[in-house]
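Each chain carries a letter (A, B and C) given by its place in the written order, and its residues are counted from 1.
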Amino acid sequence: MKNFININDIKDYNKSVEDCISLKKSPYELNSLGKNKTLGLLFFNPSLRTRISTEKAAKILGMNVISMNFNNEGWNLECEDGVIMNSNKAEHIKDAARVVGQYCDIIGIRSFPSLINKTDDEKDIVINSFKKYANIPVINLESSIYHPLQALADAVTIKEKVKKPKIVLSWAPHIKPLPHAVANSFINMAKKMNYDIKITNPIGYNLNENITDGIEIINNQKEAFEGANLVYAKNWSSYDNYGKVLDIKDSWIIDDDKMNITNNAKFMHCLPVRRNLVVSDSVIDSDNSLVVEQANNRVYSAQLILKNILNEI
Amino acid sequence: MKNFININDIKDYNKSVEDCISLKKSPYELNSLGKNKTLGLLFFNPSLRTRISTEKAAKILGMNVISMNFNNEGWNLECEDGVIMNSNKAEHIKDAARVVGQYCDIIGIRSFPSLINKTDDEKDIVINSFKKYANIPVINLESSIYHPLQALADAVTIKEKVKKPKIVLSWAPHIKPLPHAVANSFINMAKKMNYDIKITNPIGYNLNENITDGIEIINNQKEAFEGANLVYAKNWSSYDNYGKVLDIKDSWIIDDDKMNITNNAKFMHCLPVRRNLVVSDSVIDSDNSLVVEQANNRVYSAQLILKNILNEI
Amino acid sequence: MKNFININDIKDYNKSVEDCISLKKSPYELNSLGKNKTLGLLFFNPSLRTRISTEKAAKILGMNVISMNFNNEGWNLECEDGVIMNSNKAEHIKDAARVVGQYCDIIGIRSFPSLINKTDDEKDIVINSFKKYANIPVINLESSIYHPLQALADAVTIKEKVKKPKIVLSWAPHIKPLPHAVANSFINMAKKMNYDIKITNPIGYNLNENITDGIEIINNQKEAFEGANLVYAKNWSSYDNYGKVLDIKDSWIIDDDKMNITNNAKFMHCLPVRRNLVVSDSVIDSDNSLVVEQANNRVYSAQLILKNILNEI
């Protein structure tokens, strides 16, 4: 594996899911594979699960890890080519990428979208600039449009916990505009795994149709929940009315009443989650909730990706 | 040892003090005890001594250490149960604790009090939530009401430097409202060690009487200093008039004039200290000052606690 | 080597440059030299290259590294002696230095100048206080007036890439007042290496004459570029009109027209650089640009300094 920018960088997805499950049984066996190799983790946004799980995964492979919160520890980066740099951005991303690419053997990048300019966000310019200029493997720690490490951990969780998944990906309420990356990568993963999946979201909240292509979108949440054995909850801001939080009349919270419509469905969410807004305490704290196991699998999905990249450098 | 939340988590305190002193002689001997074990250090407040000494202690035990400044690197945590999370707090502490508990083998938590709501502060909700939900050992890096690693380092310092201690814990001036944690844990430690201890503070500054119970409190600082061979200085805000800085007429700075009243007393302070406000340069820079050695002993107190916990996991 | 505060701490500079070049060929051979040794990296200002290259250098020597961003992770430091500490500065630098000096075996310090008070800046009080009070070796990660690790990496780059260097150090435009440290250390290095060097800067921008003593300063940039085979670009604020950005009529950007005047000169800059303000894209992206290799050599210059210090402790 050369990079892990999106799901297509994994050739045999099903096998990778199985490999994660194997790795989970003996995570400390490969503790010299990463010897004398440096992983740089560059965060342009907050991170809890990704930060700790990726750092842990790298360290138990024997790597040196250097984490950096770019916004307050480094310099603001200019991403546009050819401009006269007389703004508050003191370094060009191509220079930062070339430099870090020399210091590290692998780089992980987290960079969220603006949710203001769709065209720019879809270029995923921060991670793609590092890919273009750093000359070393790049791992996506959640970019503007994809979160493939989360999707891989989700796939592992489903494989372990849900037989014959009948999935509904459900939009849920939030007070702030959130990115589409988790939903996009989840859908891409479900397609790779040939899972039975439906999406339910309010009118105006359809995701990018290049991604949802071929998947039924149901605007009635309760109808969508019927027969499902797995509910994956996530908020996202409007894609058509880009980055906006629309006024929704119905209640879209995932609570017991709605879960009771399902076929005793498991509940998943990538976290962080706003309780009693996105999902009721009763659902997320029930025995059917897989959110903690999902987070746990972040370590093994990161470890597998790092292992596969280390094997080729 | 399962957790180190407060002093009562140590069964034989005197023996632990002796163990720290032993460890100090050969700190690098146990450098594989922590192999493949991860310590997560979560800071909700600034830290210098605790941050570096604990990280060092863990690394010389062979542990992997992942430090995180929660407030700017992660998400604001909601601590109240059952609320609709539509404020600026994006994650519930029970979810954060469960997740981090899976990634780490031991967690250290620093979380200061609000000094606004006494009832809430005394619940020590951040560290106790991690204890409740993380399912792994938790170490207190200074909570709302206790700082037991500091107290253990203080006990080591006293054992090494003061024969037959006759201690006065003296309130000293400050311009900001400070927590009671250091003073509380120091008193608890002195009781465990059966030390001769008095407290001196201005009227209105008595600490929680559950903690000071059985200890003489003298409102005249000079009277209290008579005959002491150890002065432990610390500011704290009012406990009765919770979190307030009261107007005090007398001078409470610890200077040569006051130290001259004592029986050639040693001087201790946990640092950071505001010089010439809390204590004069002449006192803190004198040969009788133990502040640097106190800070040094933070490494060995942290190392002992980590060692004892590692031995049981 | 006891400390690395400025260039004079290296006895045989030419040999050190050669040693860096040797080290670069097999950087992983000394990976137990730093065992059980702790490097503390204290940043009072942002850092990308210095942060990652120094941390990497230390880790491949087997050291434990603890990085701290002092301003937001610790306490504001008081540097003046004898004051009553009732401002927003909660800890005196002498106490912080003594404490950190006990926890670490080597400390690296980055602390930029105020560019407001020349006398204070030239005392280089932060790094010199750590040198005075920490009682362990101190490495300069860019202080108010010197950046010797950068200069050493520059020397390595020149040795590798430019035969018979004929150097012009050229001031270049910027929108903010920048420090003099890089230029100062570059000049000191060029003198040590007996390089043929000229300086070109606008009137009003002469550097400290104690440093430029003996070097020709030319106020006409094009004239200065004639015959040069190496252009080292750097902005600095006025030294005489301390810390000010003066109004300059001519264009001082380094572009193709100006580089065409030279003898096919290589281009160097320490980064971060504002493209198309300091230097045109065409120059920095040309085959003659050494900026990426310069940054790469930061690892080996840091590694050599650490190695030399480790050999003596």
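Some notes on this structure:
Going forward, contacts are C-beta pairs under 8 Å (C-beta built on N, C-alpha and C of every residue); 3 or more make two chains touch, one makes a residue touch a chain.
Since this is a predicted model, take the numbers as computed values, not measurements.
Chain copies subunit A and subunit B are related through a rotation whose angle, from the C-alpha fit, is 120° to the nearest 5.
Where the sister copies subunit B and subunit C meet, the same residue numbers recur on both sides for under half of the interface positions. The mean-CA centres of subunit B and subunit C are about 39 angstrom from one another, to the nearest whole unit.
Multi-chain contact residues, meaning those touching two or more other chains, occur in subunit C at positions 72. On the side of subunit C, the complex with subunit B involves touching residues 36, 38, 40, 64, 66, 68, 72-75, 78, 81-86, 90-92, 95-96, 98-100, 102-104. The touching residues of subunit A, counted against subunit B in their complex, run 28, 31, 43, 46-49, 51-53, 55-56, 59-60, 69, 72, 175, 271-277, 281, 284, 291-292, 295-296, 299.
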